[in-house]
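Sharing a structure, written as structure tokens. Questions coming.
Chain IDs A, B, C, D, E and F follow the sequence of writing; residue 1 opens each chain.
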């Protein structure tokens, strides 16, 4: 059982990584990765919603009739998202401001709904937790990596700390929408190369 | 079939109700904190644009909220107002404080904007904002070199539009204040 | 006189000077002729002779009951050595008579000869003679001429066009015919016009053939219903759709025939063949050809017996000069490369071009740079680059949207492509696949 | 008159300057997924435009007459998403039954739209921007047209790349993202268009 | 017969001699007057920028081709042309590393990721320039003439200052390297049109629509043609074969559309110059234009 | 209780109830019949309708999977688990009747059929065949550019050095893609259990064939005469085998003078019926040449003069040891 749980956990880290392998949940991936702080916060927020809804849904899966499962799942997810949103607004107002719209949009992140459907609604709670953690961390590390690249190139800093010094001319495009698309495109392409090498 | 529908209705309703209860609780729990943050931010902004004010009063005039600042002696030393207008990407919101006695600006503070980071976003920088400190009322010229006259505003290099936007919002705000307080005295 | 032309097209190097001034000579009588059974578009023929039979010159070798067919005749007298499948210029192996020529050269008592004067013949009789003579379009299409001239009841034809444009580089067959046999051409043309019941006609000639123009003009001096129209030298000016568009402004409808817009187009040499069939009772067993190219010792124009292997004709033109790398039957734009010099000539063979290796066009395809030269030159206003892409990537179902079947395979696109892409090859595959899908 | 000006500005701004996909990153999933063919992309765009306009109207009503009336802002996400989901499903079922032709052209894209974050994003942006009913509907329409524009252009580009020689590792999502990036750079030309 | 086997191919058996290389190098050649003009007006530094940009483009092309194990086709001139075109759109005072980076982006992101020559949907030089403009707006909008910082003619226009039309035409003004001398650019363009290597419909459509909108907007059309990068854009960038439409109708629409966008961005948009964006924007529409504006096939009745 | 609770409960409960009711009624009213399997596939899909698969939502994808347009692992959200489940659903209906495999009816590679000219151009069979019928001495021969190799979805075809496709019987699924792709029409689908194949498609007369190909059918008709059950016919100078009739005796292959006919089984030297025979008459009925005689429940006998050594009697015999077969070496 432990082995199984470990497998579920590791699944999301690389083999079925939500962003670079499954290519889902792209909106926040692109929108909030202009600074590492945002990327990390988004990753944690998403992971939290993922974890809590997977727990709830795997616990109550028996009581939800099949034909309303999607609306029910969305409702449950939306509840947790609202919770996250108010929580951030109350205690981390700066982060809440910079992530603005993208916290509520966690509701429609295919990753979350997808995992409920594909995993939580069919598996015991223990495994659901492992899956949510794995997927959440898998989602977060890519966000952080991407935002680190973008912040470093686009502002010469990481976590707001200047790294590259004053000689560096920040490549502003990296923190603009265009830079988001291009750097994610290059990243996924690069991961494809790694994957192909692996095979 | 009917049974199915009723089951459907019950499930959704129950989940809806549970979520409503949970969220009401969260809302009640977090509201004080959020309001506190907002009030604090507002206060900070007013303080930034009316630095000498000891006391601030909210006044409604012509459907607009004005913040009047008084010194310790109860003299009205200035008025602050929220103003907004289109920027380069999206709406720019700012707060401006003026001395209506001498028709001069105290300072401005950018509340929110979506200007290009590293460029237009520098409207939030002191260097640009200082353009407006102690400026007389009037129509300003945005120039791409060093400002030579009082009426010139030095644009941020590479972000002329953002600079112009802020300037025109400021101009608009001054006119509002002047019309409310019978400007130009 | 205004010079007519169509939009788009190309200006290749013409190489016509090699044989422009060479009068048509009679080729040597071959020792052996190979006469394929199928030398027309239409119903297959049944052989009338068998192995070992002795045949006289002009004797009919094969025919069928079907109307849409042109019988074949022997161009020499001799013995049928064998009947076997032989690779013809088109590359297909076709059942053919191999006839060993004898010395007698005895002619059949040719039954086409009527007692009537040519001018007294009825249209029906002319058409019958043309069919008996096995005349097909000598421009290369090999469509039975009598079928073309038999206008359906519901169609009205107002223009008869004789195509002397010969826009293919290297070839001078029609040019020489117009210079040397202008009056025969007009006589043949009038017979054909009578057969088809057409009142008005013109002869189209490109402006790079001044002698042909002047000779033809003097030949039509007394004909008030036939005129000479001069066209710009451009490829493929001689394509019948381009010719009609340029001269009359009419467009042959997609998938239709010139007949549909009241026009019949025939080749210059066909008119001469009709003239000979009606006036001399001679079936189509001889025709003119240009043997040319840098690989030929003495480029020349010949009048040869159909069925002569091309090696005999090359020999008559002085043999090879240098090392031949490519032998083309027909023009360099639409003709077909041959794999051996044993191939026989057929009714549609109008040229033999021998090239050295250095002049052989190479199509080492590089990526398309979308320069659109093919689009700007395609005489059918197609998008060759799109058609060839769709075909290369096997998206055959989309080809129809781009009118792939309208392609006349003139080769303009491949010729002009700076990236050396074999556009026509891909389009041709696309056409075949598109046809397959429609079935 | 002023009203009309605002409406027009909102429309232009949503279509070009603040394009949902290229600037706001809303609706990326279908943008990547359903942009392989021009026809499909266009149908998807039309369906999205339809739902966006409908959503803008519906959520404005819910927000104004229930949530703000009873002062329940915390129910926004929950109620919007469930309204959108049901609305879309309802429309889908209706079209499926009433017009199979329309269903083939538009209807099959409807389920895809429920979880399209562009729709929820749109619903949430309306109260944030404080639009009135008319402006909200125009905002929804503009967002839909902007979405259609981006996805159809992208589909055209991707179709032409089919005949190309894109490196194996970049095929599919990566090259689409790079294309989107360059498109976003080009769309930067529209910035500042309405600030004059 | 000495040769063992004859060559067997399909028709046609002859070919036009123009090759892709011919076209590319001819365009490079046509830009020589513009290069000379920029050297004359901006000094040797102009040459240096151009050289760096070309070298960057060629090196990037080489590396990509090597990685993809493809035939090295540097000699087709397309990378050189991209580097040259990019350099001509840069301000003379640009740091050399920026020019180098721009040409890497132009070839890498603008061309090779799509499979190399012939497959890039966007004009690579403009992708490079757009990248630099977004990344380093300050460097990209600093104009130096005779050691002093000036604005471009278009900014002058915005500021209501007057310029001699003649100076504008021969290029005795500030601006990007290649866009200053309309005369030099037009010389090269005339040669290319004569050779048939650029299509006249696109520049005609583009420039005439700018003229029309200028009139309607009450601006001086002459200034708007010769100031800024309209000439180089209309004749050298918009006409880039790979990224422009192939059908005649589509070329008209492409040219007119680009001209309209130029005018909209210049007159009402946030930038003084809109040529680059308008061409990039029209590049995105090319597949659709080609698809829906096919020529009517001969014999098809509509 | 706080009023906010009441309002929120009323609102959410109300919205939920109304919408659920509406949807339930709508589902009933607007019900449309769908293929059961599509429904089943839809059930195992995540239902997120995210569009990442490139189809318009989960039900579109399900439809495409059933139609065979989409890959079973086409859903990125569902991952491997979903793919396995779809495979299960699809697997149920994959019952094939008779397995067929692709067979190449030509053995004229580059060695056997020379190229008579130097072809320049697009290197596909389709292209070559579209120009003047190809450049090989035999116009019916394999052109050797490997269109079949290219098109095979299972990597079952590989071009040999001799320019002939080698079909891997293990990998071949008999999908017929290569049959369609071959412009020469020299690949056919033949039942997997048939062991005789006439590897030539040339309709040339024997005289010509012997000149241009070392292994072509020369139309000698020996196989036709040999075949005990008339499964081979001459069609326009070419021997053609009728796979429905063929009994895998391999006699034709033995007689073929040019080695055109291939036989993948073992040739029988002699067949004898032993005393074990129980006289069930199965063998007698099976014998294609009526070489076996015998009364019911009595030991049967083989007329060795008539026997063609096809081995069919051995195959049908149910009694072990009743028929003995000796194979040739």
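Operating definition for what follows: a residue touches a chain if its C-beta (ideal position, glycine included) is under 8 Å from a C-beta of that chain, and two chains touch if they have at least 3 such contacts.
Quick caveat: nothing in here was measured; it's all calculated off a predicted structure.
Under the contact definition, chain A and chain F share the contacting chains B, D, E. Per-pair tallies of C-beta contacts place C-E first. If you average the Cα atoms of chain B and of chain D, the two centres end up 30 Å apart. Centre-to-centre spacing of chain E and chain F amounts to 56 Å, using the average Cα coordinate of each chain. Chain D and chain E have CA centres that are 34 Å apart. In terms of their C-alpha centroids, the spacing between chain A and chain E amounts to 41 Å. Within chain A, contacts with two or more other chains are made by residues 23-24, 67-68, 70-71, 75, 78-79, 82, 86, 110, 113, 170, 172-173, 176, 178-179, 182, 189. The set of chain E residues that touch two or more partner chains comprises 5-10, 109, 113, 115-116, 118-119, 131, 134, 137, 270. Multi-chain contact residues of chain C, defined as those touching 2 or more other chains: 336-337, 339-340, 360, 362-363, 367, 422, 425, 428. This structure has the following touching chain pairs: A-B, A-D, A-E, A-F, B-D, B-E, B-F, C-D, C-E, C-F, D-E, D-F, E-F.
On the side of chain F, the complex with chain B involves touching residues 2, 4-5, 8-9, 11-13, 15-17, 19-21, 23-25, 28. Of all the residues in chain D, the ones that touch chain C in their complex are 162-163, 165. Partner chain B is touched in their complex by these residues of chain E: 137-138, 140-142, 151, 155, 270. Residue ranges of chain B in contact with chain F, taken from their complex: 1, 4-5, 8-9, 11-13, 15-17, 19-21, 23-24, 27-28.
Within the complex formed with chain D, the residues of chain A that make contact are 23-28, 30-31, 70-71, 74-75, 78-79, 81-82, 85-86, 101, 104-105, 107-110, 113, 173, 176-182, 184-186, 188-190, 192-193, 196.
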